[in-house]
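In this document, chain identifiers A, B, C, D and E correspond to the written order of the chains, with residue numbering beginning at 1 in each.
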Amino acid sequence: MEFLELLNFYIIPGLVLGSIYALGAVGITLVFAILRYAHLAHGDIATLGAFVAFAAVTLLGLPVYAALPVAMVVTAFAAVGIDKLFYDYLRERPRIVTVMASLGVALMVRSLVQVIWGVDAESYIRGIARPENWWGIRLKDREIVTILTMIGLVLALQLFLMKTKWGKAMRAMSDNPNLALLSGVDNGKVVFLTWLIVGGLCAASGFFLGLNTELKSMMGWQMLLPMFAAAILGGVGRIEGAVLGGLIVGVAEEVSVIFIPSEYKAAMAFVILLLMLLLRPTGLLRGKVL
Amino acid sequence: MEWIGLLNYAVFMAIFICIYGLLALGLNIQWGFTGLFNAGIAGFFAVGAYASAILTTPEAAGRIGGFDLPVPVGWAGAMVLAAAIAWPIGKICLRFRSDYLAIATIGVAEIIRLVVKSEDWLTNSARGVTNIPRPFGDLPYVQSQLAYLALVGGILLVVYLLVERQIAAPWGRMMRAIRDNELAARAMGKDVPFRRLEAFIFGAALMGLGGALFAHLNRAITPEAIDPMVATFLVWIMLILGGSGNNRGAILGVAVVWVIWSFSEILTDQFPPEIAIKAKYIRIFLIGLMLQLVLRFRPEGILPEPQRGVSGKKDL
Amino acid sequence: MSPLLDMREVRGGYGDADILQGVSLNVAPGEIVAIVGPNGAGKSTAMKAIFGLLHVRGGKITIDGKDITGLKPNLIVQAGVCYVPQVDNIFREMTVHENLEMGAFLRSGDQTRAYDRVYGLFPDLKERRKTLAGNLSGGQRQMVAMGRALMLDPKVLLLDEPTAGLSPRYMEQIFQICRDVRDDGVALLLVEQHAKQALAFSDRGYVLASGANRHEGTGAELLADREVAEMFLGG
Amino acid sequence: DAAQLAVQQVNDQGGILKGEKLIPVVGDSACNPQNATDAATKAVNIEGVVAIVGPHCSGAVLAAANSVAVPAGVVIITPSGTSPEISKLDDKDLVFRTVPSDDFQGRALARTLLERGTNKVAVAYLNNDYGKGLAEAFKAEFEDKGGDIAGFAAHEEGKASYRSDLAELANGGADTLVIFDYGDGAGLTMLRQALENGFFENFVGGDGMKSDAPIAELGAENLTTFTASSPVGAKSDALDVFNEAFKEVGGDPDAIFVTTSYDAAFLAALAIEKAGGDKAKVAEALRSVSDGKGEVILPGEWKKAKELIAAGTDIDYKGAAGDHDFDELGDVPGVYALFKVQDGAFVVDTEMK
Amino acid sequence: MLEVENLVMEYGGFRAVDRCTLTAEEGHITGLIGPNGAGKTTLFNLIAGAIEPTSGRIRYMGEDITHLSADKRFHKGLVRTFQIPHEFHRLTVLENLMMVPGHQAGESLFANWFAWGKVAGDERETERRAWETLEFLELTHVADERAGNLSGGQKKLLELGRTMMTDARLVLLDEPAAGVNRTLLRKLEEKIAILNKERGYTFILIEHDMEMIEKLCHPVICMAEGTVLIEGDFQTVRSDPRVLEAYLGETVGDAA
């Protein structure tokens, strides 16, 4: 097979898909590291984000890319609200209870989307967009935007976590929650910030999935498992790990078609994951806290 | 006349409750008593359902099988195969932290689902296996339902008694000890990895049996039946609602969830058809909400785990 | 002198059971006070009670006359109390410098002076400011832990067994630092298993047992008390 | 919903039996057998229905028929369960469908393509009973008649990208892609990505692809090379009558399974009427009201039918989707047409045989 | 009875136990003292099999047990207690004791279902023994209490009680006196002595309580920084200047 073909039809789609997974996986890893549970509603909150953007496009008539920040902000506050309503009071309980609660939230958010927007496929831009040809490399604008925005958001998040006071507080909380409290960190505020960020990232990942394909009410749920695989693959709690994991899962899914029957493509994420757990349970980058 | 129908329906629901009761008991052994986060129930359910289906169906073109064996052999085969699949999975995955075990088992279940869905020679892939014999299936509808209920109910009862016996026995005490403090259990001479594997396999075998009973109830098994939502998460919801660590709670949880699910449908059926379409989603919303409410107000489940091992000699 | 930190008849515990059955103690400005007692006496619990990590069901805790009973830990830090727990007292995945930054979390403005002070007290740390705290030796970790607490320039510093798991050489060093900090005007309340050494340089001491006060007095008095020595000092 | 229209017409025109109303029971089968059996049991026992119209997915039909309808002796007429597996059921002659088996459609499509001179194609199908059934029937016939299948691959639904799948299929060198999937599901994504990347020139879909979603989402102008097969009532008066009526209540007569749903419901009503409400006779009555002998009844002609039945005259329903002369297996022969997109809607391109 | 040879335990470069060599004689109560962090508990963990050594060998009754798993060592009569009590907190006190004996019939799934009589008989015997132990430890009044609700001292007693439910030969006691109330401690000392004399248990005892060490132990080994500093009878060890400096501190001589 030609190199360009491999690049155009396997690697690039893989990277775009990987970027979408990465945005979700970063959120999952944040929740895992700071709040310490597996958040099963992640995919459906991403769906919500995608549809909020859709509403912004259709109802407010915003240009597509302008809908992204709107969706991120709205979803961020929705995530904060969900935390306040459904997770907050379970914080002292065994974690499994919160995991179950997040499953309940997943069902609720999804059915809400289905009631409001229906179950039909929708898209931000009607029609199709053919890729540009850059010296043989075929790329669409929206793909470039997807990858660049992902990189931009993750870098911004990294900078925030590394440089700002509240970013440090979040890292401290994920490192040693009790000690963070003793250092004067208000854990309520950290949780609030975490959900704000996680909600925003969720919306971005849903938005880009919708942009590159269509919006469907089940889209997020179907992304949940690859996103979890990416987070664990990269080492739980590692932002850059989640990005790396997302990209690997994305590319592996696409490239796998060359080697295995394509109906098993969906299993690729898990095969990688199981291998990873067998060989290096801590993930690619040694995980645990931020 | 109406109440006979209701009764018939109750019989059907009881059969379902018994089948899911087996799944919930299996999960209770794994999670409730041993602390193993198995999120791949659907996988073992599928293995059991298909194993029994393949063993007991008559010859069919294009796939292995046609063994046409008696149903009990099929059920035993379902348990054995589910256990056999659980063995390597447990061997590999039980060393992980509970969240990792969850993800790993989800992954395994997903791979099983894809195999079931894609392999013609094994499972007739997406079309599923039909013509599965059903015990007492030749009787008239009502009698046949009742007979199957008796059969399934009997199995559940036997399993329940076995599990209860086992939990009340030194085995259960040991498992609770392992769950409480693994390090100390090892220091007290308990082979922790082996015991965990044992519980995992035992639970998996029950899930396999549940799958088999389901396949024979429907006389057909298709890949849609092993969707994680109805075969994994639903069982988790049932167990957590009913009370993990409590076998009666587990079965009660199954009953409560099915009854609510079912009756909410009867309710939404009364809506005008335009809304009835949306009602499906509203129902799912309500199920989610109900889960939240129970978690909030009864986080230990309807029947919490009992305090076991009280000697009764306190007053001596 | 009126006490800086005052704890009166405090009762409370982790769950429903009261671990503290009425503990009273106070610390005056610029004073080192030691708490000694057997394991499980409630010494750490008493410290956690001050820091709001406990269900306090009775009694009153004040700082500078201000009631802090039942406040959240982050608010108590604002009142000028710092606490170095017995275990798990550093952020392992953050650098030494970031650990100190977390100490100064509540302070705004330029912290150069505070850093200089801490690095002055612990020259070892200055050298290793970019190292992840988790890679430090036990003694250095303890220094990071204390440094983190000192960053806030507290009025009272609570140290829970600062010498636990340390070699004697480090133990001496930590005790020396305690005296230095006291000389800087910070009041110290410390729990110690090395009770004899601790009492030797403490201004006053309390003996706790079974969640209640058993004895109190100056360090020298307690050391001289035959009963105390026999029962609690391994004498 | 078209079945709703049938119910409404029946009730408006005198109701069923002695003026009783036909009450629709909206079962929620959600495609999985657990829910399907639950809904069917409820319908049979609690609501006491004597015939079931539905469920929608073949897997659900199999479960509901096997464990509830057949043992309970209730007729089940599915308007959309197209799996060949349904024909094989040991059903005591209780399971019918108004939609032809995928087997027919796949074969018909294969023949039509070959006739049109397309003899090399790649096939992408959804990995479920629907996609697989169609794809295999298609493949068998296509190869049998000398066509060349240059790529044949299943895919899972809900993935975000199918470009590598498409690239793999395109490697076979075919310029026509046959997609057996749903137009508002993965099929849409696939069609979009194939168009955007220029993987194939021509696209052919099964009836699942004949949905509004591709037109709405991709734009009619991009679908000039897209055709989809779908069962049609052979251009008949019956179809016109139905289309008229359905448009009147705001429905889209071209949507998938609309005509079959209507026919299933209307047939069920006729059979119940004919059987006099006796559950045991419904199956027999169903065959008799549609066996091609007797006075012709068109969609909506309930009143006429009721009178004729009362008079003991033989009737024959000619439905919107076809004549519905059930064979021994309870299947109907398919009449299909190949549709293309024109002016933002599907129009018949070629009749298929 | 027990020989430890050149044992090393590294934690990411840090040697918690460093080329430690020592022996314990059958029938003796060997005292193990040393400053915090000397590696005493780590040594116990190694001997009992909770962790695997980086290098070195452990021989028990002539057999190399260095790589044996913890549960197998238990069945050879090598039992340990924990410095921080590791009770099974949701089990009752009685159950904490009853779960201890190895190879109970009721621990097999199949015996529970098919050999009910044997299981029941076994249980009666175990329960009898557990009550005996509770009486011995004066814990009968809390038999049905969840072990997690016990006081620190009671937990320590429970730790000791578990060793009595076994057919132990070598018992490793990690600071059994810490947190135990003084009057009880005196009884504890008596009990250890009785177990040693009458049941023939061999003990290794970690303690910071010098009185207890003095009363019970011969010989006494002082560890520091992962290795043995000195071994001898109590008086020799106590007056050794290195021990005074590293462990007891300068003031201890006078206060005692």
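Note that a contact is a pair of C-beta atoms (placed from the backbone, for glycine too) under 8 Å apart; a residue touches a chain by one contact, two chains touch by 3 or more.
Computed from a predicted model, the values in this text were never measured in an experiment.
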Worksheet entry | Shortest chain-hopping distance from chain A out to chain C | 1
Discussion item. Going by average Cα coordinates, which chain is farthest removed from chain A?
Written reply: E
Worksheet item: Centre-to-centre on C-alpha atoms, which chain is most distant from chain B?
Response: C
Worksheet item: Could you state the distance in Å from the CA-based centre of chain A to that of chain E?
Response: 50
Worksheet item: Distance-wise, how many Å sit between the C-alpha centres of chain B and chain E, to the nearest whole number?
Response: 43
Worksheet item: Taking each chain's centre as the mean position of its Cα atoms, how many Å separate chain C from chain E?
Response: 32
Worksheet item: Between chain D and chain E, what is the gap in Å from one C-alpha centre to the other?
Response: 75
Fill in: Residues of chain C whose C-beta touches two or more other chains
none
Discussion item. Residues touching two or more other chains, restricted to chain B: which are they?
Written reply: 114, 117-118, 283
Discussion item. Quick check: what residues of chain D touch more than one other chain, meaning two or more?
Written reply: 127, 154, 156
Fill in: Of chain C, residues touching chain A in the complex
51, 53, 72-74, 77-78, 82-83, 85, 88-94, 98, 101-103, 105-106, 148, 152
Worksheet item: Once bound in the complex, which stretches of chain A touch chain D?
Response: 5, 8-10, 13-14, 16-17, 20, 120-123, 126-131, 138, 140, 209, 212-214, 216, 218-219, 222-223, 253-258, 261-263, 265-266
Practice prompt. Give every residue of chain A touching chain C within the complex, in rising order.
Written response: 165, 168-169, 171-172, 175-176, 178-187, 288-290
Fill in: Residue ranges of chain E touching chain B (in the complex, touch as defined)
48-50, 69-72, 74-75, 79-80, 82, 86-92, 94-96, 98-100, 102, 104-109, 112-113, 119, 122-123, 126-127, 131, 140, 143-144, 146, 162, 166
Item to complete: Would you pull the chain B residues touching chain E in the complex into a rising list?
Response: 162, 165-166, 169-171, 173-174, 176-177, 179-181, 183-192, 198, 202, 307-311, 313-314, 316
